[in-house]
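Just below sit the structures, each encoded as structure tokens.
Shared chain: subunit A. Partners: subunit B in the first complex, subunit C in the second.
Coming up: the complex of A and B.
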């Protein structure tokens, strides 16, 4: 062999019978763009979706450098996501985290063999289901005119006490609006949970993602049966109508990233 | 509004899928079954990444235009930046050392008077 040494990058795991090799729609994907086809590795009842990647570019140090580069991280994340999305369109697929790299196909088979039961359990849980993301935002703009007007005008009272009162009133207003938004977010969560077989809370995004004009008060993922999209959209339309103090966004359907491991539901909102 | 009009279950066309980078990153980085690969990236590195990725704006290009380039300047994320930081720290330490040395040099000249006052009980 004179070819450059390669490693095996693993994207997702399916049930062997569901994803027959060669899986043509996968082979057409660029994957990480290494030139090698996206292919499958069978291991007992399971099949991993993998791609050969050059050892020089995906070894420990190279991989760390790669993921530390913003543009390259984005490229890898989107490539990883594209393969997982394609695989889950063909069969129930358990997504693996970004940068799951093995020395060779043999090591992939070993890893799948070691975790066979958890993979099969996860595959049963996600079959026929998709993940939806629901995000709730609270606007952080200036308070409504009714609240601000009495205190804001260039009134005759310019004392320090009056100034402090205005500051306190504004602060209280902000806190009240935030509390109301959090309560609205809980109501949204309760409704969507009612449609879902499982729910997870993700960490809210920072201001750099949301923009300064709004705060992220709920970032949640829900696992829904495939047929319930219409119900979900109707429920959100109704929530948007009722919960006027917050913005509600839906994203999906996603491959069931947030429901591939561990238990079925989280214990609910944390205090 | 980022809601996508997705009337169909997952399909092969990537364009029709959620493409918001922050959402993709939070899913591909710490979700799914973790079967530690053979090539191990320090978990701390990934943790740092995920923390910063919460702050990731929709695209790298947008970020560049907005002047946000943490991956080029954040020592936790960029080895180049780490080297720059070390070089900068080194330079700062050198200049402080230089300043201290010259102060000591000038103080030695005035030690006699100053020491007399300080030692008074």
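Coming up: the complex of A and C.
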């Protein structure tokens, strides 16, 4: 055997029978661009969507280096997403995390066998459903003019005490606006949860991502039945009309990334 | 037909202040309406994608990524994400300095 050693990179898991017939579209995908076709590995009732990757480029150390590089991380994430999206279009598919790599197909089968029940449960849950992302942002810029400049003039009031009062007022205003934004986010979450079969909070993005002048107050994912997109959009349109203090962004439909694990979803805010 | 959000080079502050809230909300990026368009890998915001491909997914361990998948992968990637975002957005926050 003269071929370079390979590893098996796994993208997603489907129910066995679902993928066997229409798997050709997968074979045309570039996947991670290794030149090997995207293919399937059957394991009992399950089928993994996989690709051979060179051990030299995707071993632990190489993978660590690869994912530390921004451009390469993006390339891998988009390649991973493209295969998962294509698989999801063919059959319900449980997405695996980026960089799930096995020594060989045998190890893929073992891993699927070990978690067969939870994969089957997850497949039941996501069938006929898609994930939508809802993000809510609050502006953190300067307060409205009326608040920012409380009738200030060159007079006896320009004392240290008046200055401190202004600082405190401004600080209080900021806190109040943030509290209001959080409440608005909770109302958005409650409405969208009402349409969803499952919901999950993702970590809000930091200032490095959002920019200094708006704060990310809700980053949530919702699992919705396929037919409910129109209702979702209508609900968000109504929320955007009512919740004027915040910006609401929708993304999706996504493959059900956030709902792939054994049915663990957070129960929502405790009142 | 609208495309998913692309990174805007306008500093967030300028964008927010220049755009009345109602307009900003109306013009907030919406995804495509056909599944093929909306699910297409191009144009999906990287930060939303990384939220999903890194931090979520079924709890399953690959043979080789155990050491980096548990926590460090996310940290590593966030570092990489930030540098990639920096390049794209031209760092709107650098001119305002650290908080």
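Please note the rule applied: the second predicted complex is superposed on the first by the 260 of 271 C-alpha atoms of A that agree within 3 Å, B and C clash if a C-alpha of one lies under 4 Å from a C-alpha of the other, contacts with A are read in each partner's own complex, and residues count from 1 in each chain.
By definition in this document, a contact is a pair of C-beta atoms (placed from the backbone, for glycine too) under 8 Å apart; a residue touches a chain by one contact, two chains touch by 3 or more.
Everything numeric here is computed off the predicted structure, so don't read it as measured data.
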Using the superposition on subunit A, tell me whether subunit B and subunit C clash or fit. clash
I'd like to know which partner A:25 touches here: subunit B for first, subunit C for second, both or neither. first
Have a look at where A:17 lands relative to subunit B and subunit C in the superposition and call it first, second, both or neither. neither
Is A:214 contacted by the first partner subunit B, the second partner subunit C, both or neither? second
Touch test for A:139: subunit B only (first), subunit C only (second), both, or neither? second
Which of subunit B and subunit C A:73 touches, first, second, both or neither: both
Who does A:111 touch here: subunit B (first), subunit C (second), both, or neither? both
Just to be sure I read the superposition right, which of the two partners does A:240 touch: subunit B = first, subunit C = second, or both, or neither? second
Once chain A of both complexes is superposed, is A:160 in touch with subunit B (first), subunit C (second), both, or neither? neither
Shared subunit A surface residues [contacts with subunit B and with subunit C]: 7, 10, 13, 58-60, 63-64, 67-71, 73-74, 77-78, 80-82, 85, 88-89, 94-103, 107, 111, 115, 118-119, 122, 133, 202-203, 205, 208-209, 249-255, 257-258, 260-261
How about subunit C: which of its residues touch subunit A in the complex? 4-5, 11-13, 16-17, 21-22, 24-26, 28-31, 35, 38-42, 44-65, 67-69, 73, 76-77, 79-85, 87, 89, 92-93, 96, 99
Applying the document's contact rule, which stretches of subunit A touch subunit B when the two form their complex? 7, 10, 13, 25, 58-60, 63-65, 67-71, 73-74, 77-78, 80-82, 84-86, 88-89, 94-103, 107, 111-112, 114-115, 118-119, 122, 130, 133, 202-206, 208-209, 226, 229, 249-255, 257-258, 260-261
Over in the complex, which subunit B residues touch subunit A? Could you list them? 1-4, 6-7, 9-12, 14, 17-35, 37-42, 45-46, 49, 54-60, 63, 68-72, 77-79
For a test of understanding, state which residues of subunit A touch subunit C in their complex under the given definition. 7, 10, 13, 58-60, 63-64, 67-71, 73-74, 77-82, 85, 88-89, 94-103, 107, 111, 115, 118-119, 122, 131, 133, 139, 141, 200, 202-203, 205, 207-214, 219, 221, 240, 244, 247-255, 257-258, 260-262
